[in-house]
Amino acid sequence: MSAVDETTETAAESVEELGARARAFIRANLRPLGRGGHRDFARSVVPDDEEIASVTRAREIQRMLWDHDLAGVCVPREYGGLGLTPAHQQALNEELAGYEFPYHLQTPTMSPCMAVLLDFGTHEQKLRHVPAILKGEEIWIQFLSEPSGGSDVAGALTTAVRDGDEWILNGSKVWSTGAWWSDWALCLARTNWDVPKHRGLTVFMFPIDQAEIEIQRIEMLNGNKEFCQEFMTDLRVPDTDRIGEVDQGWTVGIGWMFHERMAMAHNEPVITWPPVGGHGIYGAGLLVDAARQAARLDDPLARDLIGRGYTTALVGDPLQRRLGEGIAGGHLSDQAASIGRLYGWEVMKAMLTIPFELAGATGAAWDDDDGALYGTGHAYMVRQAIAIAGGTIEMARNVISERVLGMPREQSFDREVPFRDVPRGPTS
Amino acid sequence: MSAVDETTETAAESVEELGARARAFIRANLRPLGRGGHRDFARSVVPDDEEIASVTRAREIQRMLWDHDLAGVCVPREYGGLGLTPAHQQALNEELAGYEFPYHLQTPTMSPCMAVLLDFGTHEQKLRHVPAILKGEEIWIQFLSEPSGGSDVAGALTTAVRDGDEWILNGSKVWSTGAWWSDWALCLARTNWDVPKHRGLTVFMFPIDQAEIEIQRIEMLNGNKEFCQEFMTDLRVPDTDRIGEVDQGWTVGIGWMFHERMAMAHNEPVITWPPVGGHGIYGAGLLVDAARQAARLDDPLARDLIGRGYTTALVGDPLQRRLGEGIAGGHLSDQAASIGRLYGWEVMKAMLTIPFELAGATGAAWDDDDGALYGTGHAYMVRQAIAIAGGTIEMARNVISERVLGMPREQSFDREVPFRDVPRGPTS
Amino acid sequence: MRWELTSDQQFFRETTARFLEDQVPVATLRALRDDPLGAPPDYWRRGAELGWTSLLVGERLGGGSISDAGLVDLTLVAHEFGRHAAPGPLTTANVAVAALAAAGDAHAAAVAAVVAGESVVSWAYGEPIPHDGFGTVTLEVRDDGDSVVVAGVKRPVEAATQADAFLVTGRSGDGLTQVLVPADAVGVAITPLTTVDLTRRCGTVSFADVRLPASAVVGEMGGAAEQVEHQVRLASVLCAAETTGAMQRAFEMTVEWAFERYSFGRPLASYQALKHRFADMKMWLEASHAASDAAADAVAEGAVDAAARASAAKAYTGDQGSELAHECVQLHGGIGVTFEHDLHLFLRRITLNRSLYGTPADHRQRLAALLIAREEAA
Amino acid sequence: MRWELTSDQQFFRETTARFLEDQVPVATLRALRDDPLGAPPDYWRRGAELGWTSLLVGERLGGGSISDAGLVDLTLVAHEFGRHAAPGPLTTANVAVAALAAAGDAHAAAVAAVVAGESVVSWAYGEPIPHDGFGTVTLEVRDDGDSVVVAGVKRPVEAATQADAFLVTGRSGDGLTQVLVPADAVGVAITPLTTVDLTRRCGTVSFADVRLPASAVVGEMGGAAEQVEHQVRLASVLCAAETTGAMQRAFEMTVEWAFERYSFGRPLASYQALKHRFADMKMWLEASHAASDAAADAVAEGAVDAAARASAAKAYTGDQGSELAHECVQLHGGIGVTFEHDLHLFLRRITLNRSLYGTPADHRQRLAALLIAREEAA
């Protein structure tokens, strides 16, 4: 499965040419990242006005990429992309090392949302949304997880009922990133309760800014309010905004999961993201920043931790490339994307844990003058979010053992029975 | 469940008095352990003559303990013991730190074998064997695991068929320690194939040196031949050497497992074993010996490893004491012994891994002059034996989650069907 | 916590538990998030009436213990503090008052005020980067005739903005000196830090040539090394006991969740991959209980292995407490990382205790030094 | 190993695989356990004919590669060596001959003999405790007019008792010097070591003022540092590739076992706790493939991150290879620790590669130094 048009004409531009063009653009237009003092969702609470400002900046950068023919490197030309190869995208990514990039528009907008649209949308649906996304005009989110659902996204309780040319949606979704500053949503809903769970789902898309959608922001333990919960009450969606067939939404859902895992693994050709081995927001360089701030650059124990983190990061990029190539070349099933998702957690765990370990007591108590050690305790405490959001690591391990290695499936009590009869708790 | 007679009369001797007496005996009679150059089953191949010599020495020490009223501290007086408390045994253990002790007679002889006999044997059976064991005259082994069995010891295929006042045994047992220098065996056999597996087992005891028992020594990957496999062909055992009721052997088996776990955890009051936090064969002191030999005593990374190992060892003794007291006091189920078995692995893993890590390249290639680093690579490679023998750590985790925490049992296909119908492989 | 308590200990523990349930339920803890003191009014004084601050002080100075070993009794309070993620400077205030009491009658008035809960004295030990290596003391205490001069910076100091005075550990040439410095002394500056815990606060306290009468010295000038070492052990024991209580609570919540939460039509508790992780957690939890109880006994008795047992308990609960808390979050899924859920209260407490008074890595270095010394002597 | 090979590479790899299956099946490996050379007669020479020793040597000196990158081709051989736990000094001999060839025509005859498999030259780099810190070189090479004098001890040296000569890395004042020393030179003493591997042997080689003509120097006197650094990278890449092959084989054996072995009436492969561990192992395995292939590319191309990629591959495969091999043993149960079973052949190979040419901890220190230098320069 791939969001990339395999039939694209031979690339007019070489990888090196694109890289050179990207380098020139970046140096002329983008701001280099500062050293130390990384403030991100994990370490600190970003005030709303700053958050809005960075979303606005991300839209600007995306528009500049569009204007300079650097947006949608792997997206087919008919939908506004360049129709080039993953290697071209990688050349752009590598040039971005150390520079700002349109962080807020990558995941979930480019993938899984746009990737799902490219795989399953109609020609008209793609024409309407893909160029808008590539210009930075539409930011998308996923209406996927539900409060009761945990790892079982196919167990969606959000219900869509047909009413003429429209559908009426009711239910609640959760863990969408930044719903309050996003434009469109991709939503998995139940359209049939009388069949087993995978056979009664349908996918819809709709604008978020509607009276029938109430957005509540979820406060994470570190005070961050990036994630939201949404409540849909009699939300009407035209049938033309349905993606895929009625009750066949799990076909779309499987592709959706695939792209989500690839995105979590930073292994999606439609995503623009600098390599993690480099410096930058989650690059290994931040470990050196932390050790320097802790005055431990010469401490063998600190160096051991830096070496561990750098190893983890350095292995990440080639692994994701190997998985991508293995899937594209038919050496691996699509499901192997879960390996990348699991490894993505290894990298982030190292990046969120090691600075805390380097910080000593400053990891528990800090102030504004602590530079790269600011908020390392928050980052450490919230780190499991990365092992949960975007599909838990437990689900990834299930998928790897069952779908990649072919081991027997876990016993389940929801596969053969109508969804309304599935046990949902100790008393049911 | 306890091998200790709860009704014993009030101890005539205080813990301190016994400790003082033990100290005097030990200093007068036992050899202090040398420093460095630990040669054990994991690091090196002990030649057979050396092995026999140490077994003989172990019997001598046990006999000296007997002669000095220090054998069987917690064993009832009527069977030759002192009828004292676990605290008395602990006082003896602590005095043994740094001295030789009758290693070869502790496990499986004292526990699980003697402990099972004390729990389930008849008065006559105990009178016949327990004093002999305490004098060092009988070394026992377990005929428990089978080549096909893995973790499922209750799935025994060794069969016992009744013939008048005797039983005829056929089958194979494996992973018995030092069968070739031991005297008696405790054996779990199937006496009924037409009932579910736990309901058709019976326990027997018999001398090992018989023509109907063929002993093959198993070579471990490090060249050590401590373990054996035995083949029984028409072995006749009198019914008076049956322990427990016919077909009720799993009742004995549950006690047997319990004592095996307690023994693996060095948490059996009938076992004499110096504390692991000290120095001695697997004491934390060996980590210092290894670091000294590696000339890394001042290396912070080496010290971190030493600190890790020492922490693991120091926590071990109080944990085992806590579990023992918790079980004895009714705060924990007997099944909590599995926690101690699991932790015992943590300690041994540290003791077998850290010296290898300290050794650097010497861990892969050594000679006779390498002192405490001799054979660390062998010890490292064979370390999982400790996580397998005496009940795997996987079984321990099953027991802790299911029997201690009360979580749902794993689905099994062998609980309700006659044992002969249980699937044993992909084709059955 | 140990299996068997005397009935007096049991009553003492339950009194504190009931008080905490009543005074600082989780809703109150959340509400205290931005409160400068991080505790309800009069909370600490009433806790002191229950005995929270008197257990390491001898009877002659107004203290007393429930059993023979006041430190063991105090770990019962610490355990309940962990179970309830309770506010209050329990560790730092007790370590400080133990030091004041150990100096005899010289600071009897200060001791009495602390014991009564009318005053908080906080131990100021750690120093800022680059002097934050565990055990490093660079703050200077100068003898100047009838007065002493204190110069340097301490960080993090628990309850910095709440304390009435600080027990400051400083250096005088080759020796260590401890000084009781009022928070309002001229030259003392206190700035708050953002702290991982919801109610326990830390700050930076700087001493700009603070001049005090010589009587402010606690113990002998330059002769405090042994006392400071004892304080490290006390703090380690109390952190370990409190962390164990927090682990216990987080674990119980998560076991309960595993039975109630269904996924794919089955409770989480029925999945073997999770069951095995619960088994490991149960082992860490029981080992933490055992390690911290053994450390309390050893330090209370002044056993030869007291330093090692205290550091082993601190290192073990620090590492395994964090692992357990992260596993509990993971097993809860998304709800586990929200502020709305209670789990983070315990994760925070575990994280704070791990970081203060020596990280696990710091204590491993101590343990290695202790073991090497023991082996070299053997 | 990479997904896509050219047909030439594929043919080359298969030729070696078939040769190894034919010449050194596991029964043969077991039989070689006590053999002094650890290999069948003529095995190495015939392997050399297949190209095992020529890939890092330019065509002018009799070598040549299958693709553009001889090192990449050589990792295909190393991978098969790992999969078969094959005997032979593959890493050490190739690193040594690459160094000889890099010195131009000076050692053409020695190069030709190695390429033909008629001679084995082994790289003597590491030194005994207390000089065993990775990268430490204390062996002395003295310039003495027309001759050089070599004094010191090297350990462990692969194939020590088998080698015809040693490429010895030594120190000359501030610089490094490499010397080609015949094994039978006066003053050379070789003593075997017990080695974890079944067929690959190590020994200690001491040089008691061994005097050789100045022409024995490889490269410039005192100017070998850069070449030695390149050798460390080559050895790291080859160890990583070989270890990945051994991991692949151990993993395949264990997956197969999990499907065939029944416990409690179910295959092991149906237990979720084990399935999740297999998932982690699969991740380590794919990551090891990726890391070692990326390292081979980077070193072959002389990329700016070549040193970091080589060390990351060595560290990652060293740690994760050992973890995977131990997990495979554990999942096999008792049979997995026996000599009778094949699994230990791969565990041994992984353990040896982990320990030679820098342990994972050594390479982490290198990686930290590289990253710090990069960041300081940025």
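Letters A, B, C and D mark the chains in the order given here, with residues in each chain numbered from 1 onward.
Everything that follows uses one rule, which is that a residue touches a chain if its C-beta (ideal position, glycine included) is under 8 Å from a C-beta of that chain, and two chains touch if they have at least 3 such contacts.
All values reported here derive from a predicted model rather than from experimental measurement.
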Spelling it out: a chain qualifies if it touches chain B and also touches chain D; which chains qualify? A, C
Taking mean CA positions as centres, which chain lies farthest from chain A? B
Averaging over Cα atoms per chain, report the distance between chain A and chain D in Å. 40
For chain A and chain B, what's the span in angstrom between their mean Cα positions? 51
In chain D, what residues contact two or more other chains? 259, 267, 271-273, 275-276, 361
Contacts with two or more other chains occur in chain A at residues 300-301, 304, 394, 397, 410-411
Residue numbers on chain D that touch chain C, as the complex places them: 271-273, 275-276
Residues of chain C touching chain B in the complex: 2-4, 255, 258-259, 267, 269-270, 272, 275-276, 278-280, 282-283, 286-287, 289-291, 293-294, 305, 308-309, 311-313, 315-316, 361, 363-372, 374-375, 378
Which residues, counting only chain B, touch chain C once they are in their complex? 35, 98, 277, 279, 284-285, 287-289, 291, 297, 300, 302-304, 306-308, 310-311, 314-315, 317-319, 321-323, 325-326, 329, 331, 336, 338-339, 342-343, 346, 394, 396-398, 400-402, 404-405, 407-408, 410
Provide the residue numbers of chain A that touch chain B in the complex, in ascending order. 299-301, 304, 411
Which residues of chain B touch chain D once you look at their complex with the stated criterion? 145, 150-152, 155, 174-175, 218-221, 223, 293-295, 301, 357, 360-367, 373, 375, 377-378, 380-385, 387-389, 392-394, 397, 410-414, 422-426
